[in-house]
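Both of the next two complexes hold subunit A, though its partner changes from subunit B to subunit C.
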Partner chain A sequence: MSKFDFPPSIRSRPIWSSLEARKGTAHLMIADAEGAEAILDIATPELMANSHIIHIPKGKSYSEHLSALNPAQLYEGPSYEAALPRIRRVLTDGHMGLQVYLAGTEGLMGQAMQEMMSAGIPHSAIQTEHHGSTARRMQCVHCKGITEDIETDPYQCSHCGLHLFVRDHYSRRLAAYQGVRVDAEDHGNIPEPKGIYE
Partner chain B sequence: MSGAEKIQVKVTEVTPLNALVTRFRFEAVDGSLLPTFSGGAHTVVEMQDGGITRLNPYSLMSDPYDQSAYTISVRRDDAGRGGSLFMHNQVKTGDEMVISYPVNLFSLDLRARKHLFIAGGIGITPFLAQIHQLEHFNGHWELHYSCRSEALGSYADELSHSHPNKTHIYYDDQDQRIGLQHLLEGQPLGTHVYVCGPKGMIDWVKSTAEAESWPADNIHYEEFLAPQPGKPFQVKLAISNKTIEVGEHESLLEAMEREGVDAPYLCRGGACGQCETRVIDYQGNFIHRDHWLDDNEHASGEKIMPCVSRFEGKTLVLDH
Partner chain C sequence: MTIQFNDESFRGDYTFRNSDWAIQRFPFPFHEDSYMYSVNMEQHRGGPKGSVYEQRFDVDEHYVSEMKDRALVLDQDPLRCQSLPHMTLAGWDLLELIMVSKSEDYPDLFELNRDGNRWRWVNKPLRIDHTFTFLDETTLPYGPMEYITRQAQGDFAILDQRDDMLWMDAGMVTTQADWSLDFDIGMNFFEWHAPVPKAHEMGIFVRALKFLLNIQQGAPARRLNWTMTVNPLLDTSPENYHKWGIQKTELTPENIGRKQHLRVELQTFFRLPRSNALVFPIRCYLCAFEDLMTVPKWGRRLHRVIRDLPDELATYKGFIDNRPLMLDYLSKFDDGLPTSLGIWPDRETEPPLQK
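Our next item is the complex of A and B:
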């Protein structure tokens, strides 16, 4: 089961929906790990004829399935950072009519969303679908350091070492949730970490 | 009176441009600086025409950062309701007039990587101000401007002269047409398209951009409707407790204003939503002409936009 129902939350928390094939002159699809399933779900030969798929496997290879779709271009990269130059080139060379599809973890979708918006694509025109891990990309509000793939609350900042409480406050600009010191009042009193959604 | 705040101005120049279009320059009566605005804004000009007060919106075309004066261009409409004829025939240099603070319902989306302007005829005016605005910041823009003929192409020469690489002019009488589909297909990601001109042109650009899969947020248009004449009708105003008659050549909004009812408005052309009024009771048919309410709201009989819409039937009671 790679789909997860996020509990209702505050306004700043992003809401992910479901991909649907749209009419367009070209299609850019960016996914990580199980996000590939969202692409497999909507793929048709017509859609794939003009699709550029960028997949970051994170240990979950979908190579065979994705190449069987016969997309115009398929790239698999070790990380989002490694894929970024390619994503930027697609955006620079792209024309109006390009459709964007993002699928997978919140960290991937958030960062790619930020990149799409800085290329001038309005937020409302970008489709998303969550699949796979519910881990979060977190920013420590104290040292500003980003830690990826956080699954527990509290967690320890990989930069300054503080123990941080996982909040639902989300920054679109950073594509990260906020982590706030958990033992600010009572130093050293750190609750036992548990899953974010437990 | 409702609407935006007012400014007392003096007409300091009246410049005929061609057989149909005349430009007017306004400066503050007390010599003070006028507020800056943003490209695409309009002002509502008050005209004291005999016993009637006419209030017509016109796009500001001057540099939005030039606070010494505002300019507008008015196309004479001989079959219109008389506002443009009043401007052309009655307004002289030295006259004092009242205009509203600028209101912008057609502003640039400054997140755009590129601004693509499509103008038809007098629809060029808001773009003139937007071009000034973008030129201050080295903004990326391109204009495609279609006019009837060289003789009627207001500002076509000036634009081609100052921005030869960004301006493309098309003359109807020389069978030149904007190759719209091709133009839209070739636009870089992050382009916003803006269209101002006759209704047919606006619909054409909107539907072509949609067919080319442009996001709705990247398509902008400005369409002010002039109120249309129609059969006179009666309206009961529940709050002011008055029954008023709307004449053949006035709008419902104008009739309420004539009777001293303080009704809100901004665009007076069915576009801004400001005048939306609740219908308390009715028996008859609405003639909805705005593009503010959606089809369901039009069908519901619960709301009317008095600046452009009318009514035919027995009773109409409004929440005013």
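Our next item is the complex of A and C:
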């Protein structure tokens, strides 16, 4: 059971849905960790014949299951950053009719969506499905540094060291939620961190 | 009249002051004794002589010092001014709108001479005399939006219009009520307003968007919005909130009249001719409580509005903790008498304080 029901939130917060196989000349599937399960769910031999799967295991390897699908191309990378040059190369070859599928954590889907958007693909044409960790990719509004995989509120900025509260306000352009100094009006009074959805 | 420009600061020693003239024309935002969100739009076609509504882009005694403050903010954080690549034409549209409006509305302060695309712009208060080629960026020291908004009071958001939606795709934002252009750039109308409580459920943004999408060239619109700021700090940005947030805790019964400011935004909306974008100037006016209280009607009304404001709004506007202190102060200026309708001070007709 790796699916999570996100509580209702504000209008800038992304809503993740479920992948479905769409008609297309080529299929680019990018997933991390348990996101592989979303691909396994929709895989058919016809779909896989034109699919390029990029998977970042983050300690949860699905290589056996994914190679058993016989995709046209399968790549397992150690991190999103390591996979990025490859993703960009694939996008330069992308034609009309390329379908994009993103699955896994919010940080992975957000960053891949940002990449797709800068390649000219509208965000509304990209399918997403959340699986696995509910950690967030956070931007410190003060120093602008991004800290990955934040599970608690407040958290400490890995760049400037301020303690920040976790907002639901989300920027697709930055692929990040906003973090704001939690003790700005009472310096040093930092609440005990709790899980974001506790 | 010729404006006497103040030499004043909006940070540090906070020497900002409003003259009697500025207090009289302050855009008091409450037209009745209570406040709730509404789509309070009206046509921006002038207003009473001397009021902030009279001209397309109001210039007042704070102009020169506000522009110095903006330059300081941009030195420290260039991300306060950004324009996505497709918005350059809209920047030229804005430059033209401001130069034409200011030179027509304030001929003693600004001059624009146009010979085809060869333009000469004279800004006397800022001592600028510059000849450039319209639509040729290489002839300006900054992009066109940045160039002209370094010479115009208030923040500017330029909204691209496509798919029946407005997109915040460019802006100059240094006097904001706690929102970040760097974070919000590229968002659509509903997304950048996402953190505002209640108004979505009330249908405010759906109606406002419908109105804004239909704004035509030559028919600008306007509305007022407001919040509270401790000290006359223009740059209440989220970027610097870790520095200025603590100032909210410095209010005392002795200093509140001087330190607590009502912050009012005159928001206007103009359609731009070439790009079909919408420019959204957000002009900030600050007035200390003690100056507002010199107008008996405003004293009575401000007390009632702040007293009856729903907690959710006081929280969103960031003054819920200071509200009891504010009410102690403001209640001294409310004698319970009725107030006249509308925002104007009505000094001649409203009775003086009866206590």
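Note that the second predicted complex is superposed on the first by the 198 of 198 C-alpha atoms of A that agree within 3 Å, B and C clash if a C-alpha of one lies under 4 Å from a C-alpha of the other, contacts with A are read in each partner's own complex, and residues count from 1 in each chain.
Assume a contact is a pair of C-beta atoms (placed from the backbone, for glycine too) under 8 Å apart; a residue touches a chain by one contact, two chains touch by 3 or more.
Because the structure is predicted, anything quoted here is derived from the model rather than measured.
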### Message
Let's test your reading of the overlay: on subunit A, do subunit B and subunit C clash or fit side by side?
### Response
fit
### Message
Taking the superposition on A as described, I'd like to know which of subunit B and subunit C A:Q111 touches: first, second, both or neither.
### Response
neither
### subunit B versus subunit C as contact partner of A:Q127, first or second or both or neither
neither
### Task
Check the residue A:A119 against both partner chains and state whether it touches subunit B (first), subunit C (second), both, or neither.
first
### Query
Taking the superposition as given, does A:R13 touch the first partner, subunit B, the second, subunit C, both, or neither?
second
#### Entry: Touched partner set for A:S51, first subunit B, second subunit C, both or neither
neither
### Task
Using the superposed model, determine the angle subunit B, subunit A, subunit C defined by their C-alpha centres, to the nearest 10 degrees.
60
### Task
Please indicate which partner A:G94 is in contact with in the superposed arrangement: first for subunit B, second for subunit C, both, or neither.
first
### Message
Quick check: superposed on A, how many Å separate the nearest Cα atoms of subunit B and subunit C?
### Response
5
### Query
Of all residues in subunit A, which touch subunit C in the complex?
10-13, 139, 141-142, 144, 162, 167-169, 171-174, 178, 180-181, 184-187
### Summary
Contacts from subunit C onto subunit A in the complex sit at residues 79, 180, 182-187, 190-195, 200, 238-242, 245-246, 248-249, 321
### Task
In the complex, go through subunit A and note every residue touching subunit B.
22-25, 91-92, 94-99, 117, 119-122, 124-125
### Summary
subunit A partner, complex, touching residues on subunit B are 111-113, 184-191, 212-218
